[in-house]
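After this come two complexes, each holding chain A, first together with chain B and then together with chain C.
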Partner chain A sequence: MRRFKEFLIEKIILLNGFACILFVILIFFFLAKDGLTLFKTVSPWHFLFGTLWNPLAEPPQVGILPLFLGSLIVTLGATVISVPLGMACAIFIGEIAPRWIRELLKAGVELLAAIPSIVIGFIGMTMLGPIVKNLFHLPTGLTALTGSLALAFMAIPTIVSIMEDAISSVPRSYKEGSLALGATHWQTIHRVIIPAASSGIVAAVMLGIGRVIGETMAVMMLTGNASVLPKTILEPVRTMTATIAAEMGETVRGSEHYFALFALGLVLFVITFFINLAADAALHQKQK
Partner chain B sequence: MKFSSQTKQKIAFMLLGIASTIVIVPVIVIFTILIQKGLPAINWQFLTAMPRMGMRAGGIFPAIMGTLYLVSGTIVVALPLGVLAAIYLVEYARRNFLTRMIEVAIVNLAGVPSVVYGLFGMGLFVIYLKMGVSIVAGALTLAIMILPVIITSAKEALQSVPRSFREASLALGVSKWQTIRYVVLPNALPGILTGTILGISRAAGETAPILFTVAAFYLPRLPKSIFDQCMALPYHLYVLSTQVPNVSPKIQYGTALVLVGMVFLLNLVAVIVRSHIRSRKQW
Partner chain C sequence: MSKIDIQNLDLFYGPFQALINVNLAIEEKMITALIGPSGCGKSTLLRCLNRMNDLIDGVKITGKVLIDGENIYENGTDLVMLRKKVGMVFQRPNPFPLSIFDNIAYGPRTHGNMNQAELEDIVEKSLRHVELWDILKDKLDYSALNLSLEQQQRLCIARLVAVTPDVMLMDEPCSALDPVATSKIEELMAELKKHYTILIVTHNMQQAARVSDRTGFMLLGKLMEYGETRQVFTTPKEIKTEEYITGRYG
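For the complex of A and B:
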C-alpha cells in the first residue's frame, strides 16, 4: 500500500514537472490555431511586409511592417540607453562601490523592478511626455523616444541583476592575478573581468531586449499609437504589443482583424522565444 | 592627450558612479511624485467606497477587492503546481534531455510577453474552455505567467537544504516522499514563500494579461462568483488615465499609490521573510 502511494505521488510530481513544457506548447498552439487562420485570406507576404495596418478598412489592410518597425525603433532606443547604464551600474555595484552604497543601489534597482508597468506608463504620460515635448518643440510628447526612455528603465533591473551575477561569478584568482601583475583596478575590470564575464553579459543584454519587446502597457501609453512607418525617433509610433492590447477589446471574434491580432501575437511569441533561447544558450555556455 | 593609468581609473570610476546615479535618481523621483500627489487622495472613503459619477468621484473599493480575488486565485493554482514542479526538478529528475527541455520551457515561459499571455488566456480559458470573461480565467492566466518565478525560487530553496538532511532521513528507512514531505519541505518553506510572494506582487501589478480575460471597465459592485467579471487596480488605473476624460489627477495618483503600495507591501514581506531565514538558518 505504501509502495503504491509512493508510486502515485512520484507520478503526480512527474506530471507537474512536465507542466511547463505543456504550457509552452499550449500557448503556441492557441496562438497558431487562430493566427494561422488569417493566411486563408491574406498571404503571409502581405502580412509580414505590407506597409498598411488598417484592419477596419474595406478590404482590411493587415500589413504589420509599421508595427514591427515601431517595436524595433522603440527597442533599439531602449537598448542604446539601458545597456551602457545597466552595465555601468552592474560594474559599480559588483566591483567599486563601498558596501553601504552597494546595498542602497541594489535596493533601488529592486524597487525599480517592482514598479508595475502601468504605473511607469502613467507617470511617463504625466511627467516625461511634457518634458520631451518642450525639449524638442514637438506637437506631442508621446513619441518613440518617450517610450524608449521609459522602457530603458524597465529593462535596467534585468540587465543589472544578471550582469552583476556574471561579474561576481568570475573567479577571484583572475582578479588577484591581474592585480599582482601591477595592473590598476580599472585595467583589471575592463581587460580581465569583463571579458571573463562576457557570456553572462551577452545573456543580460538579450534578456533585457526580450523584456523591452514584450512590454505592453507602458509602451501603449507613451508612444502615441500612430500606425505609420516611423521615420525618426521623435514621431509617434505603434508597437506590436500595443496594437494587440488596444485593438483586441474592440474586434469581432472570428473576423480577419481578430485573426490578424492572433497572428501578431504568434510573431511576438516566436521572436521572444528565440531571444530567450539564445540568452539561455549564452548562460549555459558560461557554466561549462 | 595621454593620461596615466591612475588618472584613467579615476575618470572611469567617476563615469560609472554618474551612470549609477542616473539609474537611481528616477526611482526616487517616481516615489516622491507618487507619494506627494497620491497621499492627499487616500482616506477611508477612497479605499472603501464604490466609484461614482463615471469613476470621477468616490472610491476604488471594487478594484482593490478584485485584485485581492485575482491574487488569491493565482496563488491557489500557481503555488502547488510550481512547488511540485520544483520538487520534480530537484529531487527526482535525472540530468537528461527531457530535464533540459523542462528548463528551457521555464526560461521561455518567463520571457513570453504579458500581452501574449492575455491572448492565450482568452483563447484557452475564456473561449475554448467556455469560462467566459471571469475571475477564474484571469487567475489561471496570471498563474501560468508567474509559474517560472515560483519554480525558480522553490528550486533554489530546495537545493539549499543540505544533502545530509535527506541522507539521514533515508538512512532511518523513511521513504523518499516522506523525506521530502517531512524533512526537505519544512526546511525549504521560507524560501518558497519568498518566491511566491514576489510572484504574487508581479501578478498584482500586471495589466495586459487581465485585459481580455477578467477586467471589467466599470462594475460598481463586488463580483458574485468566480465566474463573474471584476475590476482590478492596474486596469482601473489604465482606464482612469487614458479612457475616461476629465478624471482629477488626485484620483489617478491616489489609485497609482494604492497599487504601488500593495505591490511594495508584498515585496517588503518577502524581504523580511528572506532576512529572517538567513538569520535563523542552523546549518
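For the complex of A and C:
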C-alpha cells in the first residue's frame, strides 16, 4: 500500500514537471502559428528592420525596428541603473550590514518586489515624470529615461535577492582564509567573494533584465508611446510589450495587424527565452 | 625572550568562558602542539593568536598576547600586519576557487603591488617550499579545487609561505587527510620548522609526539600542563594528562 502511494506521488510529480514543459511548448506553437502567418504577406526583413510601425495605414506598415529599439533603450537604461545599485545593496546585505539591519533590508527588498507594477507606473507618472521634465527642460516627462528609472526600481528586488543568495552561499572558509592572510574586508569581498559568487551574480543580472524586458504596464504609462526611432534616452519611445498591450484589443482578428502583433510576441518570447537560458547557463556553470 | 607569550588570557563567547587564565610561552622555530579533548578550547586559543576570534559576535577577551614583545590586543594593533606575520592553516583545506597561481599570488597581491615577474618568482619559490612545484609547474592556471586534498593543503601552506609569516598556526591540518598524506605533511612540517615558529592543534596523539618539540595539554578551557613533548608524554606531571594520553578519555 505504501509502495503504491510512493509510486503514485512520484508519477504525479513527474506529470507536473512534464506539464510545465508542455505548456511552454504549446504557448510557443500558439504564438508561432499566428505569428508566422504574417510572413505570407510581409517579408521577415521588412518586419524586423522596417522603420515604420503604422499598422492602420493603407497598406499597413509593420516594421518593428522602432519598437525593438524602444525596448532596447529602456532595458539598457534600466540595467545600467539597477545593476550597480542592486549589486551594492546585495554586498551590503550579504557582507557588511550588522544582523538587524540585514533582516530589515531583506524584508524591505521583498516588500519592494511585492509592489504591483501599475502602482509603480502611477507613482512614476505623477512624481518621476515631472521631475525628469523639469530637470532636463523637456516638453514631456514621459520618456525612455522615466521608464528606465521605474523599471530599474522593479528589477532591483530580483537582482538583490538572487545576488545576495549567491554572496551568502560563498563558503565561510574562503572568507576566513583570505582574512587570515591579512587581506582587508574589502579586498576579501572583491577578490574572493565576488569571483566565487560570479555565476550567481551573472544569473541575477540576466533575470533582472528578463524582468525588465517583459514588463508592460509601467512602461506603457511612462514612456510616452511614440513609435519613432529613438535618438536619445530623453525622448518618448514605445516598447514591444506596450505595443501589444495597447493594440491587441482594437485589432481585427485575422488582419495583418493581428498577425503582426503575434509575430511581435514571438520576437519577445525568443528574446526572453534566450536571456533565461543564459542565466541558467551562468548558474550552472562549472569551474574549469 | 619567547616568540609568543600568552599572559592571563580569558575568553568569553557571550556568557560562556572558553579560555580560563591561560599562560603559555611559545619558543621560536619550534613546533608546539596543543592537545586535549574536543571542545576544550584548542582552536579558540589558536585563533586568539591572529585575532580571528574578532570575527565572531559577542566575543570578549582579556589578558595579553605578546608576539615579539608586543601585545597584539593593544588598541591600534594593525590586523593586516599581524595576520601577515601570524598565518593560519585550516582544518579543511580551503584554497580559493581561483587558479593555482592566483591562490599563491593572493597574499603578495593584497600586500603590495608586485610586477608579474616578481609574482612568478614568489609562486615558484612557495610551491618549491612545499614540494609541489615539480608536479604543478605546468598546471598553474588550473583551478586549485581540482587538486587532491593533500595537494590542496600543501597549496594552502604555500599560499601562506608566499606572505613570509613568522608564525604558522595549524588547526588540525591533517584531519581531512589519509595516513600517507598525513605523514607527508608531517615531513613538510619538520622542514618548515627551520624557518617558522609553528603551533599545531591535533587530536592525533602520535602526531603530537612525532612532530612537536613542546606540548600543551588543555582541558575545559584551562592549560593543564605544558612542557617538552618527551616529558609530557613519558612523565606527565598531572594525572589528567596521563589519563588523556593513555586514552582513558577524549
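Throughout what follows, the second predicted complex is superposed on the first by the 271 of 288 C-alpha atoms of A that agree within 3 Å, B and C clash if a C-alpha of one lies under 4 Å from a C-alpha of the other, contacts with A are read in each partner's own complex, and residues count from 1 in each chain.
We take it that contacts are C-beta pairs under 8 Å (C-beta built on N, C-alpha and C of every residue); 3 or more make two chains touch, one makes a residue touch a chain.
Values in this document were obtained by computation on a predicted structure and should not be read as measured data.
After superposition on chain A, the partners chain B and chain C are accommodated together without colliding.
Greater residue coverage of chain A by touch, when chain B is weighed against chain C, goes to B.
In the superposed model, A:39 makes contact with neither chain B nor chain C.
On the chain A superposition, the C-alpha centres give an angle at chain A of 90° between chain B and chain C, rounded to a multiple of 10. Within the superposed three-chain model, A:192 lies in touch with chain C and out of touch with chain B [touch as defined at top].
By the touch criterion defined above, A:178 lies against chain C but remains apart from chain B after alignment on the C-alpha atoms of chain A. Superposing the two structures on chain A brings chain B to within 9 Å of chain C, judged by their nearest Cα atoms. Common to the chain B and chain C contact sets on chain A are residues 184, 187.
Within the complex, the chain C residues that touch chain A are 50, 52, 55, 57, 79-84, 87-88, 90, 92, 94-98, 106-107, 109-111, 142-143, 145, 156, 159-160, 163. Listed in rising order, the residues of chain B touching chain A in the complex are 5-6, 8-9, 12-13, 15-17, 19-20, 22-24, 26-28, 30-31, 33-34, 80-81, 84-85, 87-89, 92-93, 101-120, 122-124, 127-128, 144, 147-148, 151, 175-177, 201, 204-208, 211-212, 234-235, 237-238, 241-242, 249, 252, 256, 259-260, 263-264, 267. Against chain B, in their complex, chain A makes its touches with residues 2, 5-6, 9-10, 12-14, 16-21, 23-24, 26-27, 30-31, 33-34, 84-86, 88-89, 91-93, 96-97, 104-105, 108-112, 114-123, 125-127, 153, 156, 160, 184-187, 189-190, 207, 210-211, 213-217, 221, 241, 244-245, 248-249, 253, 261-262, 265, 268-269, 272-273, 275-277, 279-280. On the side of chain A, the complex with chain C involves touching residues 99, 171, 173-174, 176-184, 187, 191-192, 195-196, 287-288.
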